[in-house]
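Structures incoming, each one as structure tokens.
Two complexes are shown next, each including chain A; its partner changes from chain B in the first to chain C in the second.
Up next is the complex of A and B:
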């Protein structure tokens, strides 16, 4: 079937993309200055200890051997060991990944729930006060830097009003859910919600503004198409024409943007995570990069690439489901 | 025995654009009998489509119907809403422009429906053809299940309905019965394998097949009046003939009235028994097919007929109408006959906007041209270059050509100079 072929082709492409990303990060590591042995051994002057460490890490081997060793380890699912955390990179990513996913998904939900209805109102009441308000609001949202917004939210909402905690994650979502279903303990979930609200708003604002604008302009475009007139001529209720026909078609390209954006957020929203001290991949990435902890950096980059590729394939598959013209081509 | 089903009087539809007011339809009168096929012919931009869309209420801003009456004969409807809107009712006729939009909307599909020029762009590309036809069936099914007074409220379809409909098949808008009816309709319009075809998307159809499907969709509510806006223009010639045959058959079977909009005189000659010729937002000549094709008076009608190749006669060259369709911007239109600048028989009388005169032939024959009243007088003809260089002949009205004689020739040759050069006088 056409759809299966399409999926296989996209998977093969994805494998090549990931291989490319792995190779480039490896090359960057090779080119970057700094000796990892210093990181581990600190200022230990003992040359034999240093050589021993170098040998243990395989850094005494020629570059191509190191490269193929690394690829070989990747194929077995081993991302290596951190230089200064004394832990496997797999563990580090697994630990921070959940926090990043929570934040990314929460920001996306905030964006979708606010932006799509706002875009619809804006497009269907074009050039009326509601439209002006939505357009102005999205302009403000799109031009607000999120580090500033995050700091302002902390200063005003968290500190002055004192509604939400200023930073940190509190409890993990899966733990909160476990407590809810196992013990009927609602407070954990509320606590989780209170911690994630401000970061999700900070991260989601730009995204909300973007989707609002896309929905508005897409829907205005779509409303001008001849099929809308033809559908109206059938006597269908106006809301049916707007939602079932026009909005559905408007959302098809927006789903692509949503997917790409979610992929970006999966890599960790570095700034937001820093501002709110949110223990996600982005924060980990920055810390590792600063420390020259290359195995962790490589691992996170690889992880982001995989997340991107997978989400893109999912988006394309969904797109093909929604737009019947795609699979035929 | 023939009764008038639709009567349009002094219909005016304007578009309020940035460049100014566009008089797309400027005082159109029409009268259509039940079961007839009425053809409106004219060049692109003459207001044919806007007239049709005004009748079915598909004019969107910046367009607006500013004036006129559209009388539709429908005794049941007149009785049902007579108490609520006495102003809009005259016996068993309703003035569609004086009833509220919700009631007008409820007439779409069930009383009036429309087929469009380009079937490919007139279907939603992401929904199957069967589903789109079934929607048209469903909306009528739901409407007839409710008394007219509560229809507007029962027509709610919300964002929640959409989300639920996409998740649970039981919450979908279209019922299985409507789906079955859609397949019957596809069969009725001669689509082979209608069951499989119903599950296909518009891009999987050929143009001719899709036009058949659009006709099926238009028939879903068993309308009184079918408006066909250039139904064959986008199709191959052989397919055109099939579509016209289909319309003929369906009309004979269902007794519909058809309002056919086209620029193709061959289609008119074949399909219509009454014809209106449109030019610059007006009907310039109307009557029976014979009136317009054989006893035509208006030079524009003559020009249209002269620009059609005559396959049997051969020989003679085609006679295109010189010039272009005029601007319909209000401030550029002026008070004269809109065709005068292209008319080979333009006379001084043409500088006044002509009323509609009765003409020879049947009782229905009417022409918006002084030739119907006075005949052509060579002595009063405007010189050939009269309109040269006057992009905006609207300025003429100050010249007052009526009180001038043959001896003022030199003045008439430079009318724009006279309106602009006030300083020297």
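Up next is the complex of A and C:
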């Protein structure tokens, strides 16, 4: 049962990582200046009201008590309450996370659809014009700050062409799909598409560039291996060998890299959402941080960390299934 | 430490690769712009009010901009022409964009280089020690690295800025103090907290690479020989392990300069910086006025792209020439 053991070890590591993230963000809140009471009550001079609020929030307790209370609440799934939105952090995250997931998935699709063919072409036509173009394009892609790219897309595409809105989200994907299947409205889906296209390109460009580079170098390594020569010598068609065997062997390590880059994707989402006024977790994170609304900040960071850990465990498990050597380590 | 073999590898690769040459030219240009910003600037970057008689911002030289202004209670069309006084135009508060561009290069490079140095200074000793001794120390480091990886670097950097504030350090500008550039700002606002924060976010990459090197080196014969001759661990770390792990660290550091330039610009775009003389801050301002003055956001972005491309090409050159066997790890762009 090497696989089961492997999975348990990874799960324990994941729990430890999440505890670390919770502790660090809690420490940051404790270090941060500013009195949350001001955020809740405004600059109320009435001392007894202030004391009451402080007591209600448990802020009059020593730090270690607050820390263990926070951990205890987390264990019951309670992320606490926002200082100035008068809502539970759980509700705030539930309201905003779908927008971020939509954006992240759309960006990943953009990246994979463009990058993998580009990387394959680049590797199989090495040192030809197509390879140079792809290599240069991916260099520019990893060197462009995505917030600037977003603004340029708004300036050049949205404002000139006029098909794509300059900001906002319009309709949620699940609503658009519901209307499509329930009433046969196609327009809602098109509207959703028009809103998400530019943000998805903005967020996806870095990953397009990264995956193009990885596919190219992975494929070049793989093409040099003896089995490729052997299959070709056997007379198997080149395309079959390239796409069925070589590409598959190249993609497995890329999936691992993508799992680890999920953090970069979420970081990119924060700034993309800010540029396009996309109502997701990233924008909520920035707004809350600017306001000093730490419970929301902590909740969103924790949510992102949990997503990171879970997805990486899944990727590792998949990888271990495909390649049993990993579990023997 | 730099052997003849390394030198010849570097020059051979440079001779062979056009991109390496482009990288050096780009990086050196940006470096010179930043260093000599007070001399090259045509205006004090903070000075406002450079607008035409109708209060409109100038577009870059050679371009015209059509705007609508209120005149005697009526809305009339007004044409602004770019002037050689402001080659890249002026922004919405009438500051000279070219001069601000030069000063922005300064901030990006200052943070990029000093942030990388600081991250190296934290990460390398930790990584070397962990890798050399192994065991508990090493386990501890790897667990910390796991935690750091679960934070998106931009998110962690923002949270740190939120907690620590936006402290800056004023450094007297030597060029202005020496009297070579009258009317330019007398102090350089160095975003110290941003530098500390980007180092705290990126040191773990250096620790990981240094650890890997130290693990390989500790089993080398010359380390065992030095040990049996009575050399202390500290001496071995300093005289053998560190010098032999420098190549991958230098390559990683180059890539990290690019990542940190992007991270700094993202932080200042979001308003967490401390200095207004930053490309990211300027893009934020340009974002607000992009409907009317597209050039305000466009110009500084080109600065970021060119300098990051330059640094990335330098990194590729070093990697290809020195072949330290790291696949751009930690190159995670923040922006």
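Criterion: the second predicted complex is superposed on the first by the 320 of 329 C-alpha atoms of A that agree within 3 Å, B and C clash if a C-alpha of one lies under 4 Å from a C-alpha of the other, contacts with A are read in each partner's own complex, and residues count from 1 in each chain.
The working rule: a contact is a pair of C-beta atoms (placed from the backbone, for glycine too) under 8 Å apart; a residue touches a chain by one contact, two chains touch by 3 or more.
Here the structure is a predicted model, which means the values were calculated and not measured.
Enquirer: Consider chain A as the common anchor and indicate whether chain B and chain C clash or fit when overlaid.
Expert: fit
Enquirer: Kindly classify A:128 by the partners it touches after superposition: chain B alone (first), chain C alone (second), both, or neither?
Expert: Once the two structures are laid over each other on A, A:128 reaches no partner at all.
Enquirer: Counting residues of chain A touched by each partner, does chain B or chain C come out ahead?
Expert: C
Enquirer: By the touch definition at the top of the document, which applies to A:277: first (chain B), second (chain C), both, or neither?
Expert: Touch partners of A:277: none, neither chain B nor chain C.
Enquirer: Kindly classify A:55 by the partners it touches after superposition: chain B alone (first), chain C alone (second), both, or neither?
Expert: The answer is neither, since A:55 touches no partner chain.
Enquirer: For A:236, using the defined touch cut-off, is the partner it touches chain B, chain C, both, or neither? Pick first, second, both or neither.
Expert: first
Enquirer: With the C-alpha centre of chain A at the apex, what angle separates the C-alpha centres of chain B and chain C, reported to the nearest 10°?
Expert: 80
Enquirer: Contact-wise, after the overlay, does A:247 reach chain B, chain C, both or neither (first, second, both, neither)?
Expert: In the superposed model, A:247 contacts chain B only, not chain C.
Enquirer: Go through the superposed model and pick first if A:73 touches only chain B, second if only chain C, both, or neither.
Expert: neither
Enquirer: Quick one: smallest Cα-Cα gap between chain B and chain C in the superposed arrangement, Å?
Expert: The answer is 11 Å, the least C-alpha separation in the overlay.
Enquirer: Find the residues of chain A that appear in the contact set with chain B and again in the contact set with chain C.
Expert: none
Enquirer: If you look only at chain A, which of its residues touch chain B in the complex?
Expert: 117, 120, 225-227, 229-240, 243-245, 247-249, 252, 322-325, 328
Enquirer: Residues of chain B touching chain A in their complex?
Expert: Of all residues in chain B, those touching chain A are 56, 58, 60, 105-110, 113-114, 116, 118, 121-127, 132, 135-136, 139-140, 143, 155-159, 161-162, 165, 173, 201, 203-204, 214, 217-218, 220-221.
Enquirer: Considering only the defined contacts, which chain A positions touch chain C in the complex?
Expert: 13, 16-18, 20-21, 24-25, 28-29, 31-33, 139-140, 142-148, 151-152, 154-155, 159, 206, 213, 217, 260-261, 263-268, 270-271, 274-275, 285-286, 289-290, 292, 297, 301, 304-305, 308-309
Enquirer: Note which residues of chain C are touching chain A in the complex, please.
Expert: Interface residues on the chain C side: 143-144, 146-147, 149-155, 158-160, 162-165, 258, 262, 265-266, 269-271, 280, 283, 286-287, 290-291, 294, 297-298, 301, 304-305, 308-309, 312-313, 327-328, 331-335.
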